[in-house]
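Please go over the structures that come below.
Here chain A shows up in two complexes: once beside chain B, once beside chain C.
Take a look at the complex of A and B:
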């Protein structure tokens, strides 16, 4: 697991403006909801995998990031096949896999600050109306994305530390240190941002 | 730059963290030493308003940290002990540019200033690297570059050499000697403290010694070892 989604590169996908990538992802996501033929869904998945290859992001790098979600999609598919039908399960799994890989592709080829700039621009009209502070919302979104992989690393650290002490992972032994470390990390991050900002 | 502490008290819950600190700092290189938990880090966090005193006053060039914190933070650069706490964004140049956002509206100029700061520390080659792939020492230098890019009038360091190996520590000491800004450094690094003009020793929340480095280190060895 990396402590960041972004993969450094100079591919055409990397060079696309962040706004265009995010808008395409949103439109493609909405469009896929209307597609029910597995052949077309397969085609969409192949297309996304083709874009992944074009971006220079390796399949292994992708797998590291989406492994957990992959298991989740499989479990959901198994349940759907049992509760509804195998055809519906296949459709759902193809759709979700395509969306997850497409979203991951955007995260892995777009620097965080570019995504934050897009959020800021999208929210600018609401900012002008005084409804939201666009810059703060963008920073919150950016930090959330930034910290997801870090939290996963933290979880791994705690699990290793507990294992080294001969403790089995449990709700209390894992969640309590996780909560405390996350709160401490949040405090440190807030302090660092305070120290560096003057706006 | 003149920094004044006027009868400063800081408490944390029922514990006194700093007690009755009175100081006037004008030297170019000031070191702060003291046992763990003595209040050193608290003292330097008061300078740029990261912490406010429970009583007393801190003035940075005549500006009160209670009333003028934004202007003070603009002029005081703070380098944290753990660079991971300071580095917010995943790409080196992105992180440095983030600190310039409110100071420089033009993105190209921000990027240029980030490059200059990295080059100043001879780490220009790290600009496009992911921060989590850097070594601890490289991260410490990136954290310093992020602060230098903001062109502060005063630099405050919280134990900057703790995570550095000997080579990087020496590189850091060389960099430090080239900085034109006044610097205040909290450190346990005796060799580094020898290069200061004035060294303060904080013990049990109080200013226990204030003087030349040689005398301060001798006092520290005698009373705090």
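Take a look at the complex of A and C:
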């Protein structure tokens, strides 16, 4: 599942702790909102591209992830240039591109497990306050990840069963059986979990 | 929140992820192939109700942001938050909540579940899906897009209108399918 997303590596960026990367990203993002001169925004973009080079993530790998966003930014930039002013459009496009690349860079150099640890740390004080049951959140996350391959297989099963019966399997015809099986599975799983935790 | 509720939330989130990985479907008369994402908002709200449905979408969004490649096209990551479409992604959470709330509690089999009662239920689910899964999500999405791009809100609405017919069809399917499940009182 993680195939083309997290880029394995040992660069300085990879080795930064996840929490620090995220905090820096958030601060940088907020700070850039106050910068309006295109020269400074250009500088920020160049800086981020430099970090990208440092990380070992290739531009091509990044592009696969952000291509769609790139088109959106271009389209909005074009509209903004026409409806407002080219200067404003340029400012918006520079800022957004910088932030998009920076954000994706953090994501691509931080494996899911590290991100989960950050979430745990953030939830810990909330857990102590009694607002959130951290173990329940962990259960939900873990279960979801575990169930994805199972449900994907179930989808395949339904498709084959329908094809074998001569029906043409389309998303619409497969949806109801899929949902029914899913709902029924919930019952079994809940019992299994309860049995395990009380036994 | 019982164990079964947590399991349902996890299962449904996994289901949303699996559905989301199916390639977009071209529909006749709609300019852009429809993805199954808004579908997920509608189904989660209709079947699980506002609380669990909202949690499903919350879990989905958080996992996508943390790096699970579950967005259409196998994408993921924090970039979405920085881009112009962040409102659409985050808007799915209140969208599911509103859909669930408007659809109300499922009516058990045998009680208003015959004849005209069924059509009324389906219609209500359809309306809930449109208002929650479409109107509210777009409201968040367009508001954010207009805010970051300096775009005119009314003009942005016109642009988005092109997606509404496809979404209206999705809402019909969601309502019909959800109604069958709701009647069975499995949740």
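What we mean here is this: the second predicted complex is superposed on the first by the 129 of 199 C-alpha atoms of A that agree within 3 Å, B and C clash if a C-alpha of one lies under 4 Å from a C-alpha of the other, contacts with A are read in each partner's own complex, and residues count from 1 in each chain.
We take it that contacts are C-beta pairs under 8 Å (C-beta built on N, C-alpha and C of every residue); 3 or more make two chains touch, one makes a residue touch a chain.
Note that this is a predicted model, so its numbers are computed, not measured.
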| item | value |
| --- | --- |
| Touched partner set for A:108, first chain B, second chain C, both or neither | second |
| Touched partner set for A:196, first chain B, second chain C, both or neither | first |
| Of chain B and chain C, the chain that contacts the larger number of chain A residues | C |
| Touching partner for A:69 - first (chain B), second (chain C), both, neither | second |
| Which of chain B and chain C A:159 touches, first, second, both or neither | neither |
| Touching partner for A:151 - first (chain B), second (chain C), both, neither | second |
| Which superposed partner A:121 touches (first chain B, second chain C, both, neither) | neither |
| First (chain B), second (chain C), both or neither touched by A:8 | first |
| Overlap of chain C and chain B interfaces on chain A (superposed complexes) | 2-6, 111-112, 143, 189, 193-194 |
| Chain B - residues contacting chain A, complex | 48, 50, 70-71, 73-74, 78, 80, 82, 85-91, 94, 97-99, 101-103, 128-132, 146-147, 150 |
| Complex contacts: residues of chain A adjacent to chain B | 2-6, 8, 111-113, 142-143, 146, 188-189, 191-199 |
| Complex interface listing, chain A residues touching chain C | 1-6, 25, 29, 65-66, 68-69, 72-73, 76-77, 79-80, 83-84, 88, 92, 96, 99-104, 106-108, 110-112, 115-116, 119, 133, 136, 139-141, 143-145, 147-148, 150-152, 155, 171-172, 175-176, 178-180, 182-187, 189-190, 193-194 |
| Interface residues, chain C side, partner chain A - complex | 1-4, 6-15, 17-18, 21-22, 25, 36, 43, 47, 55, 59, 62-63, 66-69, 73-85, 145, 148-152, 155, 173, 177, 180-181, 184, 186-187 |
